[in-house]
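Below, subunit A partners subunit B and then partners subunit C, in two separate complexes.
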Partner chain A sequence: MAGIRDLGVGIGWRSEIDLTVERLPGVDFVEVVAENLHIGHLPESVTLLLERGVPVLPHAVSLSLGSADQVDLRRVEHLGAVAEAVGAPMVSDHVCFVRAGGLDSGHLMPVPRTRDALDVLVANVRLAQRNLPVPLALENVAALLEWPDGELSEGQFLAELVERTDCWLLVDVANLYANARNIGTDPQRFLDEIPLERLAYVHVAGGEQHGDIYHDTHAHAVLPEVLEVLDELCSRVAPPGVLLERDDNYPSDTEIAGELAAIRAVVDKHRD
Partner chain B sequence: MATSTTARGTRLPPEQIGYLVAGPGRAAETALARLLDADLVRVSRDGLVSAVHQTELGASTAVETVILVNLRNTIRFDAVVRNAAKSAEMRTLHQQLRARRLTRNPRPRLAAWWVFLAIGGVLSLAAFLEPWTLFGAVGFLGVAYWTYGAKPLTRAGRAALKDVTASDRVLAVALEGFRGRIGNQSAGELFGLPQSVVKMLPRKKKRKARATSAAGCGSGCGSSSCGGSSCSSGSSSSCSGGGSSCGGGGGGGD
Partner chain C sequence: MTEIVNESSLSSARERLAARQAELLNALLANGPAPTGFDEQRLGVERRALLSKRRGIVRMLGPEVADELGDRFRLLFDAYAAEYPRRAGSRAREDAAAFEEWCRACGELSEKRKARWKFWQSN
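Let's turn to the complex of A and B:
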């Protein structure tokens, strides 16, 4: 896919830290939450970044591609419109569902890893792809539970999804780490099983341990263990891009710059 | 750029300098500037201010502490200044400055103060012929003195500002306010703040007689006499604030 190679190291653009993102040295690309943007009224900061030539990738959270209900095409159209507005080479969402039976979960819920659920997901992804102007990448989510009667490992599930839809993968190593902590996912096996040649880019984020549960908060510092998962991934493939996601409790500019530098160090280590 | 809270060349910290220059609003702007300088708060392009940490750690004054406490939720830039200017901590700061005789209660000047002076003068002359008019002369001269008014800054207060310069960006805000000019840019720009954010703060109107005074006293206190400042560009500029004497008045953020 032309246009997504060598994205570099980026950061999730959020309105609360827009000036920070603009000023940070070495931000090669940014990601915006598509649902937060309005066509025809892009934030001044996003426009400024586009003028500087910084790629802006829309990231959706509401397509609910894993829902048994058919995907809402208005949401797909909005995502596509945002992609065109920012000239994005690709868009992304999650392998999850966020609504069912008319109710919103308010959370990215994991999809049962069954063949039936995969069929539903594949149908929704294909429908979304037909209505999107650019390629779609799908991200693994952090789960606090595993649905019973799973037939596939997470890696196998994603590999088959890629094979059947030709979608791209957005691997969140923080989610992978969270799943390793909470539900025993083996990151090595996950990375062995997914088609790394279809890797679009990587998410890195922070979290916090509460009792027995590791919470993928995106509001705390990136743990060294998460960077180790990134390191493992980079030892297998050179990711086109790696992006720091922070959604709340934003640290100082200095700390954010430090996290970006740490990510870049891991990426560069394998490029040397 | 981290800045010492104690201004170089003076014993007053920037927040107090800000108060003496232009009142509680300017002191609040200065406290916010110090927090920005220390990377303890951030401002977004739409003018929302948030605390970097959800604690008051790093605050060096009571006013800074109250700003950080209020910033556990994001607040508009102008509201941060306005709330801090009206806080109990700011009143305490004012009392401290008064206790040190750097400020006093200002008295507005009555337009007709000179009439009392003139009558007092005439009665004084008349006292050479009719000594009893001396009592009236003293009374009218006293009224003239009272109605002449008093600026909020005492002589000691003016002396404290005498050699203060905008040697760093926090002091630049103390002397000029975020909207004030340092060379060819606003003090707010020294913090990377967009004009749309800086302009959330009201620009204080200057008296006509003062309007031609040197640039750099943008958000003065209305009764300012900000002449004489000479600013050069850049964050390391030296912008004389020695001529400012508009303390105690309304806040820049009100």
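Let's turn to the complex of A and C:
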């Protein structure tokens, strides 16, 4: 896999489960939310993991690279500083916007899949890349609504983003599942259309069905259907890494270990 | 790397996108009119999801306030949120502090806990 070392199976480090992450067997790498870390005051638990040689990858949620506005370089600079503080090989954020018209949505909003939005995203990503010390990977988000006039499929949109910026992709299979349920995206077609050789790693997360809507909560168990999307992805490419995200309603260590084992089983099934 | 989009066409693209994104967030966060072409029912789903996420964060950052308000927390928070959508650049902690102030001004919270917030905000 060109340029990305094998990361294995990992979990999102959160302060609420710091001890769990430290003692769980089979945590090959972790992600930290960049906005929650302060340079010069890394949490003790993150330092401990670094001392053990566990790769720590900063994941950002606030660059708002899909915003019509110029990128806020202070946010990019912070992300870069976190990457340097933890010696990360790569950083990531999302293909989304969170700020517009002076308001903050508080959550990752999908961008319209139009030429305008793609041109702006490409310009923003290039500016961010020029100001980051390591490569940038971008993640597909879960959408609850569709912009009315998409000109490209989500896979085509991301493929063109990669072609024009040379960024990496962080594919969230739970978001693919959510979009299949909620807005009718076809995960197979998505996987056919994206350049899999630019896959940095994969996210897996749990969620919950409420009526006719699937909510990507990161606070419930991972559905078997989400692991099926992971299985489909692994049948096409060996992902350099797969990471479980759990952000709330934390279960026992045993349950988390079970979810990591289930992820590893899917990945290993395709490695012969 | 392929073509570079020229600056003036990029700046027009930014303007068009800015208007559309602002219109959507205004509808979702500030009771603005529904933008053309969106499914109204889905706008409602998204509006509730964003409100629920914001409410959950404020509850997590100020559990004592949520506890004191009890059953009134949700209703009060939703009224506060409709009146004060989160501004770009604001922090979640500021949102939690502003909600507490708002409740206090409405007479929904007792006065004595104010000093603790000052301590909290100074961090």
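As a convention for this text, the second predicted complex is superposed on the first by the 268 of 272 C-alpha atoms of A that agree within 3 Å, B and C clash if a C-alpha of one lies under 4 Å from a C-alpha of the other, contacts with A are read in each partner's own complex, and residues count from 1 in each chain.
Assume a contact is a pair of C-beta atoms (placed from the backbone, for glycine too) under 8 Å apart; a residue touches a chain by one contact, two chains touch by 3 or more.
None of the values given here were measured: they were computed from a predicted structure.
K.L.:
State whether A:Ile213 touches subunit B only (first), subunit C only (second), both chains, or neither.
P.N.:
So A:Ile213 only meets subunit C here.
K.L.:
Where does A:Val122 make contact in the superposed view: on subunit B (first), on subunit C (second), on both, or on neither?
P.N.:
second
K.L.:
Applying the touch criterion given at the start, work out whether A:Asp253 contacts subunit B, subunit C, both or neither, answering first, second, both or neither.
P.N.:
A:Asp253 contacts subunit B only, not subunit C.
K.L.:
Once the structures are superposed on A, label A:Leu19 by its partner contacts, choosing first (subunit B), second (subunit C), both or neither.
P.N.:
first
K.L.:
Who does A:Ser235 touch here: subunit B (first), subunit C (second), both, or neither?
P.N.:
In the superposition, A:Ser235 touches no partner, neither subunit B nor subunit C.
K.L.:
In the superposed arrangement, does A:Thr47 touch subunit B (first), subunit C (second), both or neither?
P.N.:
After superposing on A, A:Thr47 lies clear of both subunit B and subunit C.
K.L.:
After the superposition on A, what does A:Gln188 contact: first (subunit B), second (subunit C), both or neither?
P.N.:
After superposition on chain A, A:Gln188 lies in contact with neither partner.
K.L.:
Identify which of subunit B and subunit C touches the larger number of residues of subunit A.
P.N.:
The partner that reaches more residues of subunit A in the superposed model: C.
K.L.:
In the superposed arrangement, what residues of subunit A touch both subunit B and subunit C?
P.N.:
The overlap between the subunit B and subunit C interfaces on subunit A is empty, containing no residue.
K.L.:
Report the residues of subunit C in contact with subunit A in the complex, numbered from low to high.
P.N.:
Interface residues on the subunit C side: 1-3, 5, 9-10, 13-18, 20-26, 28-30, 36-39, 42-43, 45-46, 49-50, 53-54, 56-57, 85-90, 92.
K.L.:
Show which residues of subunit B lie in contact with subunit A when the two form their complex.
P.N.:
Going through subunit B, the ones touching subunit A are 39-40, 42-46, 48, 50, 52-54, 74, 192-194.
K.L.:
Applying the document's contact rule, which stretches of subunit A touch subunit C when the two form their complex?
P.N.:
Where subunit A meets subunit C, its residues are 67-69, 97, 99-107, 109, 111-112, 114-117, 119-120, 122-123, 144-149, 163-166, 213, 215, 248.
K.L.:
In their shared complex, at which residues does subunit A touch subunit B?
P.N.:
Touch list, subunit A to subunit B: 15-20, 23, 43-45, 249-254.
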